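Labels run A, B and C following the written order; every chain starts at residue 1.
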Amino acid sequence: MTTAHESETTKMQVPVKPNSLADVAQVLRTPGTKAIGTGLETRGIHAWFGKHHALSNISLGFAAGTVTALIGPSGCGKSTFIRTINRMHEFIPGAAMAGEVLLDGKDVYAPGTDVTKIRLQIGMVFQKPNPFPSMTIGENVLSGLKLAQLKVDNKDDLMQECLERAGLWSEVKDRLGAHGGSLSGGQQQRLCIARALAVRPQVLLMDEPCSALDPGSTLRIEDTIRHLSETMTIIIVTHNMQQAARVSDYTAFFLSEGGPGQMIEVAPTSDIFSRPQDQRTENYVTGRFG
Amino acid sequence: MSNIDSAIPTKPWRASNRERLTDISIFLGAFISSYVFVALTPMKGKLAYFAVFFIAYALFTSIFKARQRGSAAAKDALVNSLVAIGAVVTVIPVFSILLTVLRKGLPGISFGLFTHDMALASPTDPLNNGGLLHAITGTLTLVAIALVLSVPIGILTALYLTEIKGSFKGPIRFLVQAMSGVPSIVAGLFILSAVLYPITKAYSGLMGALALTILMIPTIARTSEEVLNLIPNELREAGTALGGTQWRTVAMIVLPAAKSGLTTAIILGVARIAGETAPILLLTGGGDTVNPNAFNGPMGSLPYYIWKSFNAGSPEAITRAWAGLLVLIGLVLILFTSARLLGSRKAAK
Amino acid sequence: MSTQELQIPLPREITTEPRRSDKIFRGVVTIGGLSSLVLLGLIALFLGYRGFEVLRQEGIGFITHSDWSISTDDAGNVIDSHFGLAAMLVGTILCSLIAVVIALPISVFSALFLNFYAPEWLKKFLITVIDMMAAFPSILFGIWGFLVLMPSIEYWAKLLHRYLGFIPIFDMQVPVFTRSPFVAGVVLSIMIIPIITSVSREIFSQAPLDRIQAAYALGATRWAMIKAVVIPHGRSGVIGGAMLGLGRAMGETVAVFTVLNIVFQINWEMLLGAGGNVASLIILKFGDASPYEIKALMAAGLVLFLLTLLVNGLANLIVKTTGKSGR
């Protein structure tokens, strides 16, 4: 990491809680600001696809600055759950939900909420790396600003900072003008992380971010996640129990037993893997099924 | 056991030399018998050779296979030759058309053709009088206006089908397809009845361009829809998850990602209308001089020039028509090839 | 289940208040999307409005009679007029049916060739050529058909007449072979082969691969496989493609006008040099038509529009439903 960057991070340690687009822009203008907020809570989340009840009664708290892993077999509603958090769930035709998602104590589903602003505060990284094909690496990083029409004075600093936090800067600093598609899969995924960081979200949702990557790239991204957790709240969906054990502070186990997906157990990660309370959790983490 | 190192990759399923030899001899046999047959019967002409050759070839192969492997194989061989004949018959007209246009059109092509209009010449004059400058400028003007009008409407229609996915999605897609079947003459009559008679009351390039717009919209809309459907949904989700509104996501991510495909759609639309004749005959008035003003006065165009020359009937006029066709088809082929190249470059990426 | 004694709540109503920019965007796109509906409606409306007077005057006779005459006095007032489309409609249907009958087998064979026989390079090349053919302007087909193709077709028509004249459709009273519906049909068939071929190719390529491989694994020859798997899968799609071609052939103007001798008399003898076509009628009569006759032409345009709309609508419906059920 460059010295300039380090001096900036030491200088700025006051967490700022963005409440409006103007606040977001204000945060962006100041390099190194932490936008950590007070955390996220879900209360009694249900989700439906048409008549199909996909997810039942999920209540979870995510303290600021923690990493929470959601584990469980396929089809148990983990991805659906994180998509209800940043309101991407409602894009699926026939989708419905119940319950509350509280970001800094305010319900993101409250009438009159600006959905766009919610998504600026809750970033997302997808399963498959999806850099925008028409943009260069640099443009990809800053694409969130352009999409949300936010102005910053020091774009280059922001770009460098985000790429550094995503652990990609040293690999791409000489070819910021190249197209995102020219990177390897792991690099593309880190580019997508950098892209999500550029609007300084308080929360970062990661939907199986490593499932399409090789083991080497996976380790790099896990490194990145640990660094990021110092400044933001992270929720990561993963199939890989070792990954959950490596990166997360808390782990929640989801399971669907024929009916809608439920949360079976949530505990500090070490407890889940060493002394699970529920028999089903134990069966899963010891590899007896799933 | 050291054979592994010396193994040579072979493709034993390929035709052996002997099989190829029989194929060639059947081919030659059919060829010779078609000659003999045409010589002995009252049939004549190139088409007769083709027809007899195909029938003989189909017969010979199936008889040969029947003797070799029985009736199932014979049927298979018969269909083999039938489908090949189908493909050949399909492409023969293309080559005949291209060759004819080249052979008959080239004598009419000269430098003067591209620098003069027909203001002081009639189609039956010697070839070095006049040219088709007015027709080229006219066609370009018509196409340009039609482009300006139809591209936004066509792409908006495609966006409605792929991005908004409104409640009329099914009916709209159906209507766009129905619209692509509207005969060009009907589009011409419509502009005549809806715009020319009640409003402008005079022939002009604009009237022709309006009719071409109607014909071009469905081509652009349908091709663009296909292109936009190929843009992965993850990109749209990523844009939205980054706090983009739908409008910003479409404008900044979806459309740029589809750029080359959309260009292909537009070029194909132009190729479709550049040679459209029927509405032009009804609406543009077909002038003989270069008219840069599409809103006033008759406007010439390549199809009109070809039509007029062809109907004038004298050898000079017919040569003019062929030369005009050569220029027109050159234009269409350039457009078509560039659309292909763009499309394939995108596919390679 | 120890934990679950839970009342499942009703789904929440999700209220999404889009930004104003998005509302404008959605509005503009929706308006653009409705353009095809508006345009098609306007076409029917205006042609109907202009042609109304003639349609009322002629009544059902407009499609059952085949006279087309108008006489005016020196002042230009209409004294007497008879407008009937019967001959033109019969001609339109005859020419386009000939075209489809010729084009359908050729197209199906070449679609089969492209999908199941041709090596990859040849397939690519042929698809390019066929697509290119679809982009050729119709005036080119017309002039090429008239100057190059017609002499050979006439010769074949004579052969058909001489050897197959006992079949009613190849019979004729007066041996005039030039500019017959048969010639127009052949030219049209060449124009619609690319359409039918590409629709059929598309449908055939959606034939389920597992069933194809299963047929081969049972020892089927290529033809046996096609007969057992591909044809049943693609049959109605091919019919839809043929109807698309039929619609295109019905609306064709310039190419038919160039090669066809237009006569206002119903003629079912396809080899005889006398035929009709609604679209060509419009071009033929437009040049020196009086205002009243223009109205008749508008009415003719309306009939043609509705006819092609019907055929195309049916065709698209058929193609669409096979496309779905095929998967």
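Criterion: contacts are C-beta pairs under 8 Å (C-beta built on N, C-alpha and C of every residue); 3 or more make two chains touch, one makes a residue touch a chain.
Keep in mind the model is a prediction, meaning the values are calculated, not measured.
Measuring centre to centre, with centres taken as mean CA positions, what chain is farthest from chain B?
Result for the farthest chain: A.
Ranking chain pairs by contacts, what comes out on top?
Comparing chain pairs, contacts are most numerous for B-C.
As a quick test, compute the distance in whole Å between the mean CA positions of chain B and chain C.
Distance between chain centres, rounded to whole Å: 16 Å.
Averaged over CA atoms, how far is the centre of chain A from the centre of chain C? Could you give it in whole Å?
Here chain A and chain C have centroids separated by 54 Å.
Between chain A and chain B, what is the separation of their C-alpha centroids in Å?
It comes to 49 Å between the two C-alpha centres.
So which stretches of chain A touch two or more other chains?
Touching at least two other chains: 116.
Note the residues in chain B that touch 2 or more other chains, in rising order.
Each of 245, 248 in chain B touches at least two other chains.
Quick check: what residues of chain C touch more than one other chain, meaning two or more?
In chain C, 19 touch at least two other chains.
Can you tell me which positions in chain A touch chain B when the two form their complex?
Touching chain B: residues 86, 88, 91, 93, 116-117, 119-120, 123-124, 126, 128, 130, 132-135, 143-144, 146-149, 181, 192, 195-196, 199 of chain A.
Contact residues on chain A for chain C in the complex?
Interface residues on the chain A side: 44, 46, 48, 53, 56-57, 87, 90, 96-99, 109, 111-116, 262.
Residue numbers of chain C touching chain B in their complex, please.
18-19, 21-22, 24-26, 28-37, 39-40, 42-43, 46-47, 49-50, 105-110, 112-114, 116-118, 126, 128-133, 135-141, 143-144, 147-148, 152, 155-156, 159, 190, 193-194, 197, 221-224, 226, 244, 247-248, 250-254, 258, 279, 282-283, 286, 297-298, 301, 304-305, 308-309, 311-313, 315-317
Using the touch definition from the top, list the residues of chain B that touch chain A in their complex.
Residue list for chain B touching chain A: 165, 232, 234-235, 237-245, 248-249, 252-253, 256-257, 259, 349.
Inside the complex, what are the residues of chain C that reach chain A?
Within the complex, chain C contacts chain A at residues 3-4, 6, 8-12, 14-17, 19.
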